[in-house]
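After this come two complexes, each holding subunit A, first together with subunit B and then together with subunit C.
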Partner chain A sequence: MAVRLLKLLGSFVATVLVSTVVVFLLLRVLPGDPATVALGIEATPEQLAAWREQHGMNTPLVVQYLEWLGGLLRGDFGVSYVTGQNISPVITDRLQVTLILVGLAMVLAIAVAVPLGTIAAIRHQRPSGAVISAVSQFGVAVPSFLVGMLLIVFFAIELDWLPSGGWVPPSEPGEFLQHVTLPVIALGTVQASILTRYVRSAVLEIQREDFLRTARSKGLTANLALVRHGLRNAGIPVLTVVGLQMAGLLVGAVVVERVFTIPGLGSYLVDSVGNRDLLAVQAVVVVLVVAIVLINFLVDLAFTLLDPRLRRAA
Partner chain B sequence: MSPTTRTLAATAAVGGLLALTACTAGATASSPSGDAHDASVTIGLTGEPVNFDLTTTAGSAIPQVLMNNVYEGLVALDQDGELQPKLAESWTVSDDGTTYDFVLEEGVTFANGEEFTADDVKFSLERIATDWAINQGKMALLDHVEVVSPTEARVVLSKPSNIWLYDMAGTVGLMFDASGIGDLANTPVGTGPYTVTERVTGDHISLAAREDYWGEAPAITDVDLRYFADVVASTNALRAGDVDMLYNMQAPDLIPQFEADDELQVIQGSSNGEILLSMNNKVAPFDDVRVRQAIAYALDRQAIMDAAWAGYGESIGAMVPPTDPYYEDLNDLYPYDPEKAQDLLAEAGVEDLEITFDVPTRPYATAVSEVVVSQLAEVGVTATIASDEFPAVWLDKVFTKHDYQMSVILAVEARDLLATFNNPDYYIGYDNSEIAPIVAAADAGSEEEWVDGMKEVAEITATDVASLPLFLFPNIVVADAQLDGIAGNAVTESLVLSGLRWD
Partner chain C sequence: MSILTTPSGQASASAPADAAVPEPDAMRERSTKPGGSARRRRRGPNAQLVVGGGLIALIALAALVSLVWTPYDPTHAVAADRLLSPSLAHPMGTDRYGRDVLSGIMAGAQITLLVGTVSVLIGAAIGVPFGILAGMRPKRLGVLIMGGSDVVMAFPGLLLAIVFGAVFGGGTLSAMIALGIGSAPAFARVARSGTLQVMSMDYIFAARAANRSGLAIALRHVVPNIGGMVIVQCSVNFAIAVLAEAGLSFLGLGTLPPTPSWGRMLLDAQQFLATSAYLAIFPGVAIALAVLGFNLLGDGLRDRFDPKMRNR
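So, the complex of A and B:
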C-alpha cells in the first residue's frame, strides 16, 4: 500500500514538473509580443524596451523559468503583465467558480446517469431501456456549448425564467441558483449521457458474472442481488470514467463559461492568451494540470479502496 | 415496493428535487425586463478594461468607462464633435496662440472630497510628461501651467497648436487630484458624476452617481457595465432583458431582427473608426502608386460595406470622418472601375499579381477580407489570406515589424489622418515630404488655415492612395425602446452616461 502510494505521488510530481517546462517553453515561442499588446499602438520603442526590462523579459529563459518555478513552490504565481496585479488571488477566485460549475455538473451527471444507466441495463430488452439508450447516444453527440445556447434561447429568451448568463457567488443563494442552473445543465447533460452508457454496459456485464448467479441461487431476487453485490463491482469502471470526465468537464467549462459569460478559470485562460499575459496563462495551465493529475491520483486511490485485490497486490 | 424500486425511486426523487430547485429559482426570479424601471441601467459592452489606469494602459476600454463619467477635463466634445466647456466655464487664447487662460467652475469637488482648483490643473497637465506611459506626445507642446488664482489657470505652450485644445477633450486633458492618484489602477478619483463602486473582472463594473456632484445630477443613479467576450452571448442577454443596451454592437446581420422588435430601438451613430485597407508603401508591389490606385479602382467599396457589414456604415473617400472640421467629400476620386484597374496594373508591369493579405482575427476584418479577395480576383490579383491573431500577432507582425504587404484594420483613433500618413516610420510607410510642411503651417496658423491645410493633406493622401479607407465603421447601439438620452455618436472613446434616463 505504502509503496503504491509513493509511486503514485512520484508520478504526480513528475507530471506536474514536466508540464511546467512544456507550458513555459510553448508560450515563449508563441508569436506576438506581450509588450506591444500591453502598451498599445502609440508606444515608442524605448517604452517597449523599458516595459520588457521591467517585466524581467530580458533575463535568460532558464533564469525566468527557475524564478517562476520558485514562486510556484511558494504558491506565488507572480504579477500579471497586463493588470499589474497578483495572479494568485485571481486564480483562487476563478478556480472557485469553475470548481462549483464542474462539481455541480458532475453531481447532476451522476444523479442522472446511475439510475438511468441501471434501468437501461436491467430493461435492455424492453422499449424503455432502448429509449434511454438512444437518448443517451444522442446526448453524447451534442456539444455542451450548443446545449448551452439552446437553453438560453428557450429558458432565458422565450420563457424568461432564468438569466442568460453572468455569475453571482453562492453567498446570495437565490441569485446564485438562478445563474448557475443553465450552465450546470449545459455542462452536465453531455457528461450524463456518456456516463449513462458506461453505467449501462458495466451493469450489463456484471449481470453475467458468476457471483451474481450465486447470489440469486441463494434466494435473492435479481434486482436485490444487483444492488447488494453488483453495483459495487460495476462501480470500478464507472469510477474511471467519472475521473476522466472531471478532466473533460474542466476543459468543457472553458467553452460553457464563454457562452454564459461566467468569470471562471476558462474565460481567464482565453482572455490571458489573447492579452499575451504569459504568467497568467502559465498559472491557469498549471492549476488545470494539477487538478487533472490530482483527479487521476484520487481515482487510483479509490480503486485501491474499492478493490481488495489491488490492496493485496501492492 | 422491492428494494431496487425503492433505490431507483429515491434517486429519481433527488433528480426531481434538483429540477424543482431550478424551477422555483426561475419562478421567483424578478422579471429582468419588468416594465417599472428604477434609476438603474445595465449596459452590455465588449473589451473589458484590464485596470483603471488610463495614464499607463493603452486602449479605449478604460476611457470608455471613466472619461466624462468618473474623470472630467476642462473641455469636452459634445455629440456633434464640438468643443464645449466642462470644468473650465470659459477660456481665452492669446493672439500668438500659445497662452490659454481658463476660468474654472467653482464648487467642484473630487470624489475624495478634495476641492478642484487651478493647482489641480497644473498638477494634472505637468505630470503627463513625467508620469504617463502613453499619449505623452499629445502634451509635448506644454511649456508650463501658472496658477493665477484658485479658479484661474494659465496654460503656456511652447508653440501655437490648433490640435492641442482638441486633445484636451481626450484622456490627456482629464483632471486628477494630487491625493487621489495613489491607486490609479483600482481606485480612480475624479470630479465626474459617477464613481466606481464595484469591479468583478470577467463580469461587470458598477458605477454609482455621486451625491455631491457639482453639475446636474444624472437621472440614472446606478449603472452596471457587463462585459461580453462573445457577441452572441451579448445579444442573448439583450433579448432576455438582462441588459438594457448594447453599445457598439458588432453583429450587423442581427440588426433587422432587432429593428422588427417594438421593445427595442436601434441607433446607428457615427464613429471615428475607419475600416482601412492598409498597404505597405515600402515594399513591392505597393511601393508603386499605380498599383495602389489600381486597388482603389478594383474595389467596389459600397458592395464591400453591403456584403461585409450589412450596409451599415458610411462611405468615405479619405481618412477623415464627416464629423471632422476638415472633412471633404472625396468619394468620387476613385469610382469602381475594374478596367482602369487592369490598365494601371499593366502599366505598372504587374499583371497576374500575387499578394499576401494579413487579416486580423476580428469579425469586421474577416467579413471584409472575403469580399476584397473576390473583387481583386476579378482584376487578376490573387490575394492569399494570412490570418493574424488580434491583437497579439497582428500588432507584432504588421504594426511593429511592418512584415506585410496588405492588411485591413479598424483605425479607431480620432483625427488620425496625420498619425497614419505624416510619419514615414509608421507601418503604412507612406513617405511624402510634401505634407510635413503643410501640416506644420496648418497647426500653427489660424483655424481656417488649419482646416484648409488639413483638407489639402487629406486630398493628397487620398489621391496617392497611401492606403484605402473602405468605409466608416458605424457605432451601432441597440437598446430598450424606453431608454432615452443615449449618446450614440462615438465622438471620443468615452461612453457618456450622464444623459441616460428612462422614458
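So, the complex of A and C:
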C-alpha cells in the first residue's frame, strides 16, 4: 500500500515538474520580444536592453526557469509586462470565481445525474430509460457555451427573470445566486449528461454482479439490493469520472465565463492572450495544468484507497 | 496518471478534458436472457452506426457541395440584407453583415471536417506508434512513454490550443496542431492497451520463436489487431475536436474571419441574442449534430470492433 502511494506521489511530483518546464518553454518561444511588447515599438535599444537586464532575460534559460519556479512555490507569479499589475492577487481573485462556478456546476451535475442515471439503468428496457439515454446522448453533444447562450435568450431576454451576465461575490447571497444560476446551469447540464451515461453504465454493470444476485436471493427487493449493495460499488468508477470532470470543467469554464462576462480565470487567460501578456498567460496556464494534474492524482489516490481490490493489491 | 481506462483503454468524446476515463458504453448492458435480445440485435443494422454515419454523411455532403456551390457567397457582405429573419430567400436568415447563414453553415462544415480530420491524424500519428512501442516494451520504455503521455494529458486540447494561440497567434493551423497533440495521449493509451493484449497471444510467441523482428511483429500482428480500436478512437476524438474548435473560434482564437466557422458564427451571434436568436441556433444545431454524429459513429463502431462487445 505504502509503496503504491509513494509511487503515485512520485509520479504526481514528476508530472507537475515536467509540466511546468513545458509551460515555461512553450511561452518562451513566443515570437516577438517581450521587451518590445512591454515598452512599445518606440523604445530605444538602450531602454530595451535595460528592461531585459532588469527582468533577468539575459540569464541562461535554466536560471530563468528556476527563478520562475521558485516564484511559483512562493505564490509569486511576477508582475505583468503589459499592465504593470502584480499577477498573484489577480490569479487568487479569479481562481476563487472559477472554483465557485466549477464546484456548483459539479454539484448540480451530480444531483441530476445520479438519480437519472440510476433510473435509466433500472428501466433500461422501458421507454423512460431509453428517453433518458437519448436525451443524455444529445446533451453530451451540445457545447456548454451554446447552452449558456440559449439560457440567456430564454431566461434573461424573453422572461427577464435573471441577469444575462456579470458577477457578484457570495458575500451578497441574493444577487450572487441570481448571477450564478445561468452559468452554473450551462456548465452543469452538459456535465450532467456525461455523468448520467456513466452512472447508467455503472449501475447496469453492477446489476449483473453475483453479490447483487446473492442479496436478492436473501429476500431483498431489486431496488433495496441496489441501494444497499449496488450503488456503493457503482460509486467507485463514477467518483473517478466526477474527478476527471472537474478537470474538464476548469477548461470548459474558460468559454462559459466569456458568454456570461464572468471575471474568472478563463476570462483572464483569454484577455491576456489578446494583450500578449506572456507572464499572465504563463501564470494562468500553470495554475490550470497543476490543478488538472492534482485532480488526476487525487482521483488515482481515491481509487486506490476506496477499491478494496486495489488496496489489497497495493 | 489516470489509472482508469476501459479494458480497451478507450476514452470518450464525452470524457472530460480528453481524459481516458471508463467509456460508459463499453459497459453496455448485455441481455440477461440467454440467446436473447443482444444476439438478435447484432443481426440487424446497428442503429447508432446508421444514425451517426447518416449525420456525418450529411455534414460531409454540405462541405463537398459548398466547395462548388452555396446559395450565396458566404463571405460576401450585403448591407441591405443585414439581420434578415429566416425566409424563403434566406432559409436561415442573414447575419449583421448581410451574409447568408445557410451558406456560412455549409462552408463552415469544411472547416469542421478539416480541423477534425487533421487533428485526429496528428493525434493518431503521434499516439499510436508510441502506444504500440509502450505495449511492446512495457517495462522501462513503456513507463517513460506513458509518463510523457501523462504530462501531455495535463494540457487538454482546448487549453493547449489557447496557449498556441498566444504563442503563434490564433488560426486554423495552430488549432489543428494543438488539438492533435492534445489527443495523442488518448491514442497512445488505446494503442498500448490493445498491444498489451495482442502481445500475450500465442501467435506472438510463435512469431518470436520464428525470429521475427519487433517491427515485423508490430506491422504483421499488432497493427491489424488494434486497427478497429484506433478507428473507434478516431471517431471519438473527431467529436472532441469539433467541440474544441467551436469553443476556440468562439473565443476568437480559432478560425479567423472571413473564413466561415460555426464557432465564430456563434461568437458573432452573441450580441444579437435579443433580436436575432436564430443566428446562434442554426450554427449551434450544426455543431451539436456533428458531435452527436461522431459520438454515435464511435459507439456503433465500438460494437463492431470490440471483441468483448462482439461476443455479447
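The rule we apply is simple: the second predicted complex is superposed on the first by the 285 of 314 C-alpha atoms of A that agree within 3 Å, B and C clash if a C-alpha of one lies under 4 Å from a C-alpha of the other, contacts with A are read in each partner's own complex, and residues count from 1 in each chain.
In the analysis below, a contact is a pair of C-beta atoms (placed from the backbone, for glycine too) under 8 Å apart; a residue touches a chain by one contact, two chains touch by 3 or more.
Keep in mind that what you see is a predicted model, and the values were worked out from it rather than measured.
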| item | value |
| --- | --- |
| Subunit B versus subunit C as contact partner of A:A130, first or second or both or neither | neither |
| First (subunit B), second (subunit C), both or neither touched by A:L66 | neither |
| Contacts of A:Y268 with subunit B and subunit C, given as first, second, both or neither | first |
| Touching partner for A:I119 - first (subunit B), second (subunit C), both, neither | first |
| Which superposed partner A:R276 touches (first subunit B, second subunit C, both, neither) | both |
| First (subunit B), second (subunit C), both or neither touched by A:V259 | both |
| Touched partner set for A:T221, first subunit B, second subunit C, both or neither | first |
| Which superposed partner A:M149 touches (first subunit B, second subunit C, both, neither) | both |
| Partner chain in contact with A:V13 - subunit B first, subunit C second, else both or neither | neither |
| Intersection of the subunit A residues that touch subunit B with those that touch subunit C | 30-31, 149, 152-153, 157, 164, 258-259, 270, 274, 276 |
| Residue ranges of subunit A touching subunit B (in the complex, touch as defined) | 30-34, 36-43, 47, 82-85, 90, 94, 108, 111-112, 114-115, 118-119, 149, 152-153, 155-157, 159-167, 174, 177-178, 181, 185, 221, 223-224, 226-227, 258-264, 267-268, 270-271, 274-276 |
| Touching residues on subunit A, where the partner in the complex is subunit C | 11-12, 14-15, 18-19, 22-23, 26-27, 29-31, 124, 137-138, 140-143, 145-146, 149-150, 152-153, 157, 164, 191, 193-194, 197-198, 200-202, 204-205, 208, 237, 240-241, 244-252, 254-255, 258-259, 269-270, 272-274, 276, 278, 281, 285, 288-289, 292-293, 296-297, 299-300, 303 |
| In the complex, subunit C residues that touch subunit A | 1-4, 13-17, 19, 21-22, 24-30, 32, 147, 150-151, 153-156, 158-159, 162-163, 165-168, 239, 243, 246-247, 250-253, 266, 269-270, 273-274, 277, 280-281, 284, 287-289, 291-292, 295-296 |
| For the subunit B and subunit A complex, residues of the former touching the latter | 2-5, 7-8, 11-12, 14-15, 18, 21-23, 25-29, 31-33, 48, 50-51, 53, 57-59, 133-135, 137, 185, 200-204, 226-230, 232-233, 236-237, 239-242, 389, 391-393, 395-397, 399-400 |
